[in-house]
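So, here's a batch of structures to check.
Shared chain: chain A. Partners: chain B in the first complex, chain C in the second.
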Partner chain A sequence: MSLATKHREVPTSANKSMTNAARRRASATSESPMEKRRRRTFWPFLAPALVAYAVLFLGPAVASFVISFTKWDGIGTPEPVGFENYSRLLGDSVFRQAFGNTMVILLVGGIAVFAVAFALTMVLREMRGRKFIRNVVFFPTIISPVVLAILWGFIFQSNGLLESGLGSLGIPKGPNWLGEHLFLIIIIGLVWINLGLYVTILMAAVDQIPVYLYEECALAGASAWQRFRYVTLPLTWDVVTAAAVLWTIGSLKIFEFIYAFGGTTADMPPTNVWNSALFIYGKTFGGRNPAFEFGYASAAAVVTVLAVMVFVVVLQRATRRDPIEF
Partner chain B sequence: MRSIHTTRAGVLTAFALTGALALTACGGGQASSSDGSKDAAAGDFSGETLTYWSFWQEKEPQAKAIAAAIDDFEKATGAKVEVEWQGRQMTQKLAPAMRSNAPDVVEAALDNLAPIVGDGQGEDLSSVFSAESINEKTPLSDAGVDKYKDLVTNDDGAAWLVPYSVLGMGIWYDANEHQDLADSAPKSLDDLAALIKKEGKGSVALDGDVGFYTTLWVESILMRELGAEKFRAIAEDKTGEAWKADGVVAALEKVTQVVPPEAFAPGSFGSKFPAIQEGWATGKSTFLLNGSWIPQETATSVGKDFKFASLEIPAGATGEANTQIGLTGYAVPVKAEHKDLAKAFIRFVLEKKYQEDYVKKASALSTREDVSVPTDLKQLSASIKANDPVLVMDGVNVDYAGIVPEVFAAPVRNFLSGSTDAKGFANEIAATQANYWKGQN
Partner chain C sequence: MATLLPQETAPKRPRRQRPSTAQIGATGKVRSVGIVLVWILAAFNIGALVWVLMTALRSHRSIFESPWGLPIPPVFSNFTTALVEGQFGVAALNTALLTIGGSITLLLLAAPASYALARSTRKVSGAVFALFALGMGIPVQVIIIPLYVLLEKMHLIDSLWGLFLALVGAGIPFTVILLTGFMRSLPLELEEASALDGCTSLRTFWQIMLPLARSGIITVTTLNAINIWNETFLALVLIQDTDKQVLPVALLNFIALQQFNGADYGGLFAGVLVLVLPMILLYIWLGRRIIEGMTLGASK
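Take a look at the complex of A and B:
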């Protein structure tokens, strides 16, 4: 049984809908002059942001969708090709790998980020100077991924800092990190870069949990795992699910670190470490001799976005829980 | 770009479309040329403004040389040149600009410009090759620039680029350390293999993360073993099966004879560019197969006694040395507003005086044969002069965007590093090539 159960106050959906309906009725019948004025200013205040959003985000998104059904080099007139770009994607091993890599980053990277973030959160919760440590962990998040990518190049390359450091300790030369394990290093790098943000989010949620719950745990002789399983996780569940959606969307947009770490001044990284974002760049502007295949790249973007949307919906449904109030 | 050398039926429709577009767009320009185009040699352009996008950055020596020519051009013609030193990312900005806001002159390497301007979107600049200039009453063809005209002419017969600088490829070494090499340069691939073997393990520097550099070794030797056009034919095979032919596998085995995996400097396949190149500059390895930009690129890294020299990759079974080059030059978009002014400007910058200045400041090779050759580039220049040049990779990287990273890079890297043998490489590249061509239409 959860130690937090006695603090639960779970409203039923019927109660909720009645409350909302009652609120609406009350609002309609007794609207104050201030509320009326506020209602009148709703659209004038909203419109500029809505227009900017429509022009800068929705417009390009819709345009990308339309372009995905054309063959277009960005210069001439788009030539309608129906679903050809989509069928081509299915047969393109480079795209399949890039899409697979996106999913690996999303799932494996995501699990690693949350596992390490929770572990750090649990350690830091009871630690002195935790604010300082939290800032240290957060530090990579505020540095440009390009700078970190360059640093990681120095660390992991042959005769780099890692190899030299190990060598000075008498430890024999390790594997060819950049040559044979580039994608693994990229995932580790991405986890490291993003860790600070999720530690901060989770710690903010954990800080809200009343201390007496942990004290009760201590009295009951609960282990660290039991404290996590029966107190921390249930009481931070809403934050965890929101953070998971944040990671899902964020992982889709990962670009700079892979590009700067895997590529060179003029070249794209090797195709076996491309994710969808790099595939799109590689099929438009990337490399020494850009492909300018805007229709094909747009189709790749549409497929990736749809896949991630499905993933987010499934994730939200799978993680839906009644809220716990405490 | 898919026009140069390309015979694929699939692109004929595209040519028809782009050709029609080009004709439509050029209609006004051509009429104005015949009716009242200004005489480039007369320099009558006062009041006009030329927009010029360069792929050099303002602080680079190349830009400084061109800026001096721009000043003189403005004085001589009364025109104003609005130059934007955009750097290497220029071509990314150029593609969207080509639709409505195209600059009058663009300048970049052939393979950068080809996908944007080469496919019917560039003005035919054939007339510039035969034109006089303000200070020069002889055509460019007299200076030997015509030598490269075929390489920049597309299937419509339009010379869409006027090249001013030629980039050569060679095996670089320190002539001060190896004084005997100039006189005992290898005459055959077997000689080269023996030389590399004699120098010992790790004598060849290669930044294995740069697909263009790794591919240079394979394509150079294949071109010499099989012939230039043959390499293009293999790369254009839609199934990729051409790589598995006995003759091709034998030529691939020659690659491993010349540069076996142990010949490459330690870390060549596990470092970040330019770590290995810098190692070569500081004496950690003997040879570096690379371009004519190397003396300038490594100038601050080499010791004061370092003397740049290069060997050409010698002839193989075909008996041809196949001098491989790249080109940098000027193009004029068909939608440019001031085409006559643009042509006059290009011709002006290619005057001997300004090319001398360019060669001196940039330590580069000019396409003009009557200008000086930097000491470091004498061997390369002699090789280019002595042979009919072919484009690096026989131009397949120019004609087929993305072919190096998507088809060549990974298999070649595995091959040179010893992860696969010749047959394994042939199988691997056949798969990546078949996948690539499946998507081209």
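Take a look at the complex of A and C:
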């Protein structure tokens, strides 16, 4: 069937607004030469990326799963040990702490990021210089986490920016921030560096809400909280849930910002601030005397990824709502 | 994951015709406090940047005595220290090579694949797309062990080529997913016209689709460049030789070195500047594009 016939079937005026699904339906009944060509070139076009991805990413991901059932230092032959690595993880207080920290970053850090981001968005929507502020708040997103960690450490270290700044104002020394409250400092730092991305995401979503809805709120005499609860939040819900998934995945990848608090390439930070990523590194390549426990570290990786995948599924189930048209 | 697709053609919010009296966010005192807090946050970020710029030009002794000082007179020897002692010169070159090579390679690999995925109506393309999307959820720490073993077998540990391969592998999911979204938003008509004119598929892709997708290509390449420039974990594991080091690891090495040679904060922040300055310039140049690229991915 020629292309021209296909066009006659579908009115041209509707062509532009045709959805992908409609196209699919149209092509199911009639295969144009265009479609045939696409079919022929599909695999050749896809192959380079797919092969590179399979060899350099998917393959290793599957291999990690297999290695997690072995004892292996990377040099000899892997020795199958069944679930031994997993049961060892259960009893390992360092791993339990690291896994707990990962979850604290995910949940506490996540709630903090979204709460502050929403608060900022609410203030920013009608503010002068909002674009400027957005650009400035977003800026840390593209800076190396190593640099941000150095700066963050410099603020809180003894005789650092905070202490000497407060000291010159006559305010006495606070606690030993980096020594006693390192994990808290790290979480606040993570909120600071990630805030910008989520503020811009929420701002883009809030901007889509038509103003007349808020005019109606004014007529009904709604309070600021009611405006947020009954208009802003429901109408940005899809974006908020997508952003929550983004944060969940992103929080798992956090490594450099915590690692840099170890201070050097040879020393890991204290184990009580490790997350899963640092645990994996610490049990394989990290530290002055690398442990090379490939099987054990792989098991930790598998546990973390599975736990977060379950979390994502639960999150999506729990936040599912009927889409609101506006 | 399906909701994470960028849509360049998202309808623009109609411009407000008249100033609306309706309050949207907070009002009254809450709002005033909020505005003050927002400006404090902005001032903090700008202040941090200005502080790094100034501190990079001060001597270690004066920074140590008071972190709040001005670079009078400016100490430019910090940069010599960073570039020579800290080996930031070599590292900057390595990082630049990897950034340019990596982001171009990612584009060459992902652009045809994204085009095929965006235009195909076959069932299998959905499955392949999901396979790429899966990679976005897997952190590199999960694949590093087998990847290390693989590269070791290929004698590519401690080699920029090995790091290059690892960076490309890690960047593929994001690049393919984002580009596929852009390609889907492009109109079909031009492609059909070029097919009617007898263009080969390859030529249609090269001469029609790529120029059309230019905006998406620039965005995704910029984001990849930022990611590779700042990437630390893979380099930390796969490279030991200081001649082959990249900037973020050189920075960590420089701190380690200071534990033996005595601290030099001036040199340290000069090194920080070598790592940060290109990103600042890129942000000034392509800021809107960077923000939209990273944001549109999640909204809608």
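The rule is short, and it goes like this: the second predicted complex is superposed on the first by the 294 of 326 C-alpha atoms of A that agree within 3 Å, B and C clash if a C-alpha of one lies under 4 Å from a C-alpha of the other, contacts with A are read in each partner's own complex, and residues count from 1 in each chain.
We adopt the following convention: a contact is a pair of C-beta atoms (placed from the backbone, for glycine too) under 8 Å apart; a residue touches a chain by one contact, two chains touch by 3 or more.
Computed from a predicted model, the values in this text were never measured in an experiment.
In the superposition on chain A, A:A204 makes contact with chain C only, while chain B stays out of contact range. Of the two partner chains placed by the overlay, only chain B lies in contact with A:Y296; chain C stays clear of it.
Legend: residue contacts after superposition of the two complexes on their common chain; A:M309 is shown touching chain C, with no touch to chain B.
Of the two partner chains, both chain B and chain C are touched by A:F285. Contacts of A:T271 after superposition: chain B is touched, whereas chain C is not reached.
Between chain B and chain C, the partner in contact with more residues of chain A is C. When the two complexes are overlaid on their common chain A, residue A:G91 makes contact with chain B while staying clear of chain C. Once the two complexes are laid over each other on the shared chain, residue contacts for A:L178 go to chain B alone; chain C is not touched.
In the superposition on chain A, the residues of chain A touched by chain B in one structure and by chain C in the other are 74, 154, 159-160, 264-267, 285. Listing the residues of chain A that touch chain B in their complex gives 71, 73-77, 79, 88, 91-94, 153-154, 157-160, 176-180, 264-268, 270-272, 282-283, 285, 287-292, 296. Only residues 17-18, 21, 88, 91-92, 95-96, 98-99, 111-112, 114-116, 119, 121, 207-212, 266-267, 269-273, 275, 397-398, 401-402, 404-406, 409-410, 413, 417, 431-432, 435, 438-439, 441 of chain B touch chain A when the two sit together in their complex. Contact residues on chain A toward chain C in their complex (touch as defined above): 3, 16, 20, 23-24, 27-28, 33-35, 37-43, 45-46, 48-50, 52-53, 55-61, 63-64, 67, 74, 119-127, 132-147, 150-151, 154, 159-161, 164-165, 168, 195, 197, 200-201, 204-208, 210-211, 214-215, 217-218, 224, 227-228, 232, 238-239, 241-243, 245-246, 249, 252-253, 255-256, 259-260, 263-267, 276-277, 280-281, 284-285, 294, 297-298, 301-302, 304-305, 308-309, 312. Put simply, chain C touches chain A in their complex at residues 1, 3-4, 13, 16, 20-27, 30-31, 34-35, 37-39, 41-42, 45-46, 48-49, 51-52, 64, 66-68, 108-110, 112-113, 115-117, 119-122, 125, 128, 131-132, 135-150, 152, 165-166, 168-170, 172-173, 176, 184, 187-188, 191-192, 195-196, 201-202, 205, 226, 229-230, 232-233, 236-237, 247-249, 251-253, 255-256, 259, 268, 272, 275-276, 279, 282-283, 287, 290-291, 294-300.
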